[in-house]
Amino acid sequence: MKEKIAQAKLLLEALPYIKKYANQIFVIKYGGSAQINPDLKNRFAQDVILLHLVGIKPVIVHGGGKKINDLLDKLQINSEFVDGMRVTSEEVMEVVEMVLCGNINKEITNLLNMHGSKAIGITGKDGNFMTATPKDNGKYGLVGEINMIDNRVIENLLEEKFIPVIAPIASGNEINHPGFNINADLAASKIAASLGARKVIFLTDIVGVLDKDKNLLSTLTKEQIESYKADGTIHGGMIPKVDACLEAVNAGVEKAHIIDGRVEHSLLLEIFTSDGIGTVIRN
Amino acid sequence: MKEKIAQAKLLLEALPYIKKYANQIFVIKYGGSAQINPDLKNRFAQDVILLHLVGIKPVIVHGGGKKINDLLDKLQINSEFVDGMRVTSEEVMEVVEMVLCGNINKEITNLLNMHGSKAIGITGKDGNFMTATPKDNGKYGLVGEINMIDNRVIENLLEEKFIPVIAPIASGNEINHPGFNINADLAASKIAASLGARKVIFLTDIVGVLDKDKNLLSTLTKEQIESYKADGTIHGGMIPKVDACLEAVNAGVEKAHIIDGRVEHSLLLEIFTSDGIGTVIRN
Amino acid sequence: MKEKIAQAKLLLEALPYIKKYANQIFVIKYGGSAQINPDLKNRFAQDVILLHLVGIKPVIVHGGGKKINDLLDKLQINSEFVDGMRVTSEEVMEVVEMVLCGNINKEITNLLNMHGSKAIGITGKDGNFMTATPKDNGKYGLVGEINMIDNRVIENLLEEKFIPVIAPIASGNEINHPGFNINADLAASKIAASLGARKVIFLTDIVGVLDKDKNLLSTLTKEQIESYKADGTIHGGMIPKVDACLEAVNAGVEKAHIIDGRVEHSLLLEIFTSDGIGTVIRN
Amino acid sequence: MKEKIAQAKLLLEALPYIKKYANQIFVIKYGGSAQINPDLKNRFAQDVILLHLVGIKPVIVHGGGKKINDLLDKLQINSEFVDGMRVTSEEVMEVVEMVLCGNINKEITNLLNMHGSKAIGITGKDGNFMTATPKDNGKYGLVGEINMIDNRVIENLLEEKFIPVIAPIASGNEINHPGFNINADLAASKIAASLGARKVIFLTDIVGVLDKDKNLLSTLTKEQIESYKADGTIHGGMIPKVDACLEAVNAGVEKAHIIDGRVEHSLLLEIFTSDGIGTVIRN
Amino acid sequence: MKEKIAQAKLLLEALPYIKKYANQIFVIKYGGSAQINPDLKNRFAQDVILLHLVGIKPVIVHGGGKKINDLLDKLQINSEFVDGMRVTSEEVMEVVEMVLCGNINKEITNLLNMHGSKAIGITGKDGNFMTATPKDNGKYGLVGEINMIDNRVIENLLEEKFIPVIAPIASGNEINHPGFNINADLAASKIAASLGARKVIFLTDIVGVLDKDKNLLSTLTKEQIESYKADGTIHGGMIPKVDACLEAVNAGVEKAHIIDGRVEHSLLLEIFTSDGIGTVIRN
Amino acid sequence: MKEKIAQAKLLLEALPYIKKYANQIFVIKYGGSAQINPDLKNRFAQDVILLHLVGIKPVIVHGGGKKINDLLDKLQINSEFVDGMRVTSEEVMEVVEMVLCGNINKEITNLLNMHGSKAIGITGKDGNFMTATPKDNGKYGLVGEINMIDNRVIENLLEEKFIPVIAPIASGNEINHPGFNINADLAASKIAASLGARKVIFLTDIVGVLDKDKNLLSTLTKEQIESYKADGTIHGGMIPKVDACLEAVNAGVEKAHIIDGRVEHSLLLEIFTSDGIGTVIRN
């Protein structure tokens, strides 16, 4: 019996968070191991559905990762590289879209539905809700920068109690345009800002932002980020991640979280426990 | 970290129940120690608010107990007794109403509000929503039997996201009528039946229904109750409790629960864990 | 026939008032003889229901008066007095609440319902809609000053076509706080101001405000009140009454009325006849 | 003061009727002196508006009477007569429509609006809401019998709080058809039946139905009507009037009233006093 | 088959206009031959219904023309003339109203209904939606100038998917006032401005505004109109027409069209083809 | 001008159809040349948008055709064949889904959006709205038969004025299930039946159903189909097409159309002209 009571108490620890976040939009960037490991996938789905049931409105944005490269390889499509980034040709774009939207997006949608939600998968081409222009004057081909998000499509889905699952492809806003390949982190931040989300949460394969002694930095302000970037504490692949966070926070999202998707139920831990598990960036 | 993950898992154990009970009405008869012990009171309030936040619609029905006798004593009001039951004279009724509605009801309402809900206290006289006639031809004075429940008052409150807290007093449906004193257990069952509630739950000071060896009977059917009554397993004060359960179950409420309000968070344990802690009666 | 036609004409005299007051909120402070005399009680109920049927939204605020003292005496609770006012101890407060909310409020609610309306009785603790802080730093114990009114609870009731009947007790906005005892006249004025009421009407046991020759002053402006107070025309128990009126009028209520509740149907006379029967205070 | 109180009491006598008739449709056939005498016209308008304000939904149906004949005379249009009834030729029909719809209907509409309502005048051609076929195979030309009433047009007006004022002209349901001339009494009865009205009231220039000794028959049943027709008590012009009443009552209208429009405020007297002033026919 | 395909292509030419005008109000002044010639009448009705079906909200305003004079003549009513304009006496006004509202308005309403719409005919007296004061201090009798339009009556009809057909008579806003005779062109412009219409379209018996060489002027700006008036290009009966257009355009209506109602389907041609057929005036 | 008038007349020929089909659902199976030829694609988009603008609710179901085989070939995925049908292995299914949902569906969605509609692309996995079981006990692998359609997802989209574009993939209703490949014609018929569509229209690369002399059969009844199948008139690839039509018609869809998508604007021709261009099958 004691054990059971302890269990009920844990349930109640979530109470203040449930109250605080009722009817708030959380944009969750889903990626990394949590998107690959079967066990983590199921836990992610459970977490999202719990959020949904207690009144939070989750919006999922996912990336594509290795599967895109696999199919490009199988099809022997070679790519040019500029600044270490793959240039998205029309041929590449077709593969990107097939994998992102025709494979991964549907897999996530189905995963959530099979755990009991009503998820609907969309891309920027659906309802033409997200459009883009070429990044850096087209230096990277069809890699795009979002220039418009029409909230109504997502808001309609949220009103009908659906969980939107978004593949980061933007419409080119022209007939026969193949669309644009959008960085998933930036898509998540832009969508969060446009929807007036309370949080944007990045599920990654790292513990969070670390200081020079490899200790987790639990919270970061804009100023601290500047200083950590300057002294090299934040460097390499962490820079774009942190920049995506800043993008959202600067546009009015209250908090951006970088959390470790390799930890089981990391979403619930971050949202429903007092100290969380990753790094929180606020303005 | 492991401990935290265990915590998240516990949270998720509640998931199937949260899904199942979304938008369902639970009528909770609140009484006994859980209504007196300050610590249990706060836990009860937390439990009710958690139910509310995850989408359940709780309706609280409470009794009066010792406080009524205390005030009758202080006021030196003597009562006649018939069949061991106090006859409710007009003088007694006035005290019953003042204590139930002017003291206990407001205390519970305030308790729930202070934990963050929006509770509203009512009696059958509000909106004339519950009327009665004298029980057994008035043998017990103003002790009444419910003859009409107008769901609209409670339904209006539920629609507006209020938690109704009901004192078991019925309107006499006449000008200047002092009203009727209703047994709280029966009021809870009748209200549950009238509202089409999913559950009626009795918070008591007993473990549940016990067999002859003092072991808990986790589930009981109508037939088992008959047989246990016949052989004396169910006897004494347990008989009216079990009859109130049957009243509800026979009128279409899926399950009636008798649980131990002395156990912390007994409401959550009963509702959100697989085997519960008390006795469940179903048809 | 002639008599009947005269009757029809009288009915039509009310027409311009009915038009003018459609959908307007009238807060009515109910007290004095009209709350005690059985005949006047029924006439009051008829009047309120007629107002309701012709499209006015009545909100009733009542006091407690003699019944509180009676119960305090019976329970031999002694009170300290400061400035001639009874200090409300916790013990006194419990009695105040039981009488106001558990006795008088339910009696009025039932009275209105038995005449055909749907009235619901509430106090500031219901939905925590009215909170207070101690008056004059607690000099008078739990006598409070309203610091917040949340209109939504009353507005919800009005939308559902209920007549709210309000006992002037405010929530202390803390767990286990016994609440505050509020002067009923001031509660009526504050509630009228908060709801944007068209009128606040005080049913009293006086003819209205009188001049030095005991003639009724039919209308009073703010300036006249100042001058009558200065020269002693308005004095004694009339001062707080007039101040409650000013409170409402200064906060935007169009008119405050002090009328003689001892006159049968005084409410209808004041509202539906051209010259009314009491004193009107306007800004 | 006493006089005023008597006035308030008279107001309250209307209370049970106001309750009973809230949201009910009353179809009123307006005609006779009440439509001609300037003083009676204004009183009629006041009465209708009072009904409207206390929650009744009045629908006015009017006839044309003398004005049609006047214009036919001025235009020297001669008519054939069959069975003593004027045959409605196309030429006559044009005059009927101009007078009914372009003169009388607008006059009544304006009268009601000037007394403070929002009345809208329509004929069966508006929204094609009332269609007819020739009466007795066209024996009387364009005199028609209603064969369809589409309630939606009137119901839309009632929902928007308008008072519909209906000229008894029906659409011929064909392009270029001049429409049909409908007996106003029958139109009122048919419309009342179609709308599910609570009452149909005929304002006439007679006291009501009289027995052989010229005493008013306050109530009449179907059976009594048969018998009074048989013995000649009901005869002449009273027969079609009574038949129009029966038409409505047989189709489910609770009561049909024949009242004396020459009496001031006869509408209010009939509706809001216990014994009324005319003859009531019920099933 | 080729012919059919050509037909489909023509249908599609309307597409951009249908998109652009969805949910927009078009006020159409109906008059001239299109109101007299049976064939043109039917085509007009078809055109209006097509507009309605593809999502445009047509509002029809009509004049009276020859029929008023005919009836005045038949009734031998003589009129005084001032500045070449007939003075509208009360006697004349009665005829104007009977013809406009009791004859022409109902004919148009019926015409539209017989082609499948739900049209409702009204005048300014209905719902008192349009009031006027005497033009030029009453120099022309009951010829009025609109001083108030209450959009709600028309908007209610539009919401219920009715097509309003308006006779240009204004209420005099007094009991027993015969109303005012309003110039139909000006009524159309004022109504268009008040409703925030997208277009006001005048169906006339001329090709449009012509230059000195009798060539059609397809578009006109305010400045061009001034200059053409100055040099006499626009003169005579064209001046008030053009002024009515300016009235609407200056009040915010995007475009005013003068088109040739003698051309079959001129409404469709003007609205759904790229260059239209008449003269467009824009700000 | 004459030409223009002819054009307007053509526009009006569509009038009765527009009236008849307002608010009706049309399910359109999009395939064949109309899905490949750039010119026909644009015309198809225009046609669909015109339908939408005049009040019809189009639902598009598409197939995949050659593109699936192309990608299977490029990826050198070999398939087993049973009864001449390719068995859908998991490997094949992944390609089918990527092409149908990640390529073709988005292309059509974008095409419609670029012509001015708001289209949203979905598959049975979105909102889990269409589930299937293996056809013929899995003889063909993941080729499925629809066993459930949840209309709410499509109905929500239609309510929000979106055009749903559906890829014929069904959910397997299990975690990690790759889904089922559904015959697009049957999906269209089943969806039409489930939604209560007025029409299902198949865009094909044939003229329609032909008789033995290669003349078009404009209409076909169930009985005629039986007899034409029996005598071999309907044979080969036409049989499943006709069976899909019967499936819809037997389930209550009023008409099923087989039309020639190679003809420009064939959709408009079939819907808005009196004799259509293909074969209609009705019950």
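Going in written order, the chains are labelled A, B, C, D, E and F, and every chain counts its residues from 1.
The criterion applied here is as follows: a residue touches a chain if its C-beta (ideal position, glycine included) is under 8 Å from a C-beta of that chain, and two chains touch if they have at least 3 such contacts.
Just so it is clear, the structure is predicted and the values come from calculations on it, not from any experiment.
Asks: Show which chains lie in contact with subunit D and also with subunit E.
Replies: none
Asks: Show which chains lie in contact with subunit A and also with subunit F.
Replies: none
Asks: Quick one: how many steps at least from subunit B to subunit E, stepping chain to touching chain?
Replies: Minimum number of steps from subunit B to subunit E: 3.
Asks: Work out the mean Cα position per chain and let me know which chain is farthest from subunit A.
Replies: Chain D.
Asks: Shared interface numbers for subunit E and subunit F above half of all numbers used, same, or below, different?
Replies: Shared-number fraction above one half, so same.
Asks: To test your reading of the model: what rotation angle superimposes subunit D on subunit F by C-alpha positions, in degrees to the nearest 5?
Replies: Nearest-5 rotation angle for the superposition: 120 degrees.
Asks: So which of A-B, E-F or A-F is the twin of D-E, meaning more than half of its contact pairs are the same residue numbers?
Replies: Duplicate interface of D-E: A-F.
Asks: Calculate how many whole Å lie between the centre of subunit C and the centre of subunit F, each centre taken as the average of the chain's C-alpha atoms.
Replies: 69
Asks: Between subunit C and subunit D, what distance separates the C-alpha centroids? Give it in angstrom.
Replies: Taking the average C-alpha coordinate of subunit C and of subunit D, the gap between them is 46 Å.
Asks: Just the number, please: Cα centre separation of subunit B and subunit C in whole Å.
Replies: 35
Asks: What kind of graph do the touching chains make: line, ring, star, complete, other?
Replies: ring
Asks: Which stretch or stretches of subunit C touch subunit B in the complex?
Replies: 38, 42, 74-75, 94, 97-103, 105-106, 109-111, 113-115, 118-123, 125-128, 153, 156, 160, 162, 169, 171, 173-177, 179
Asks: List the residues on subunit E that touch subunit F in their complex, please.
Replies: 1, 4-5, 7-15, 18-19, 22, 46-47, 49-50, 53-55, 116, 263-265, 268-269, 272-273, 277
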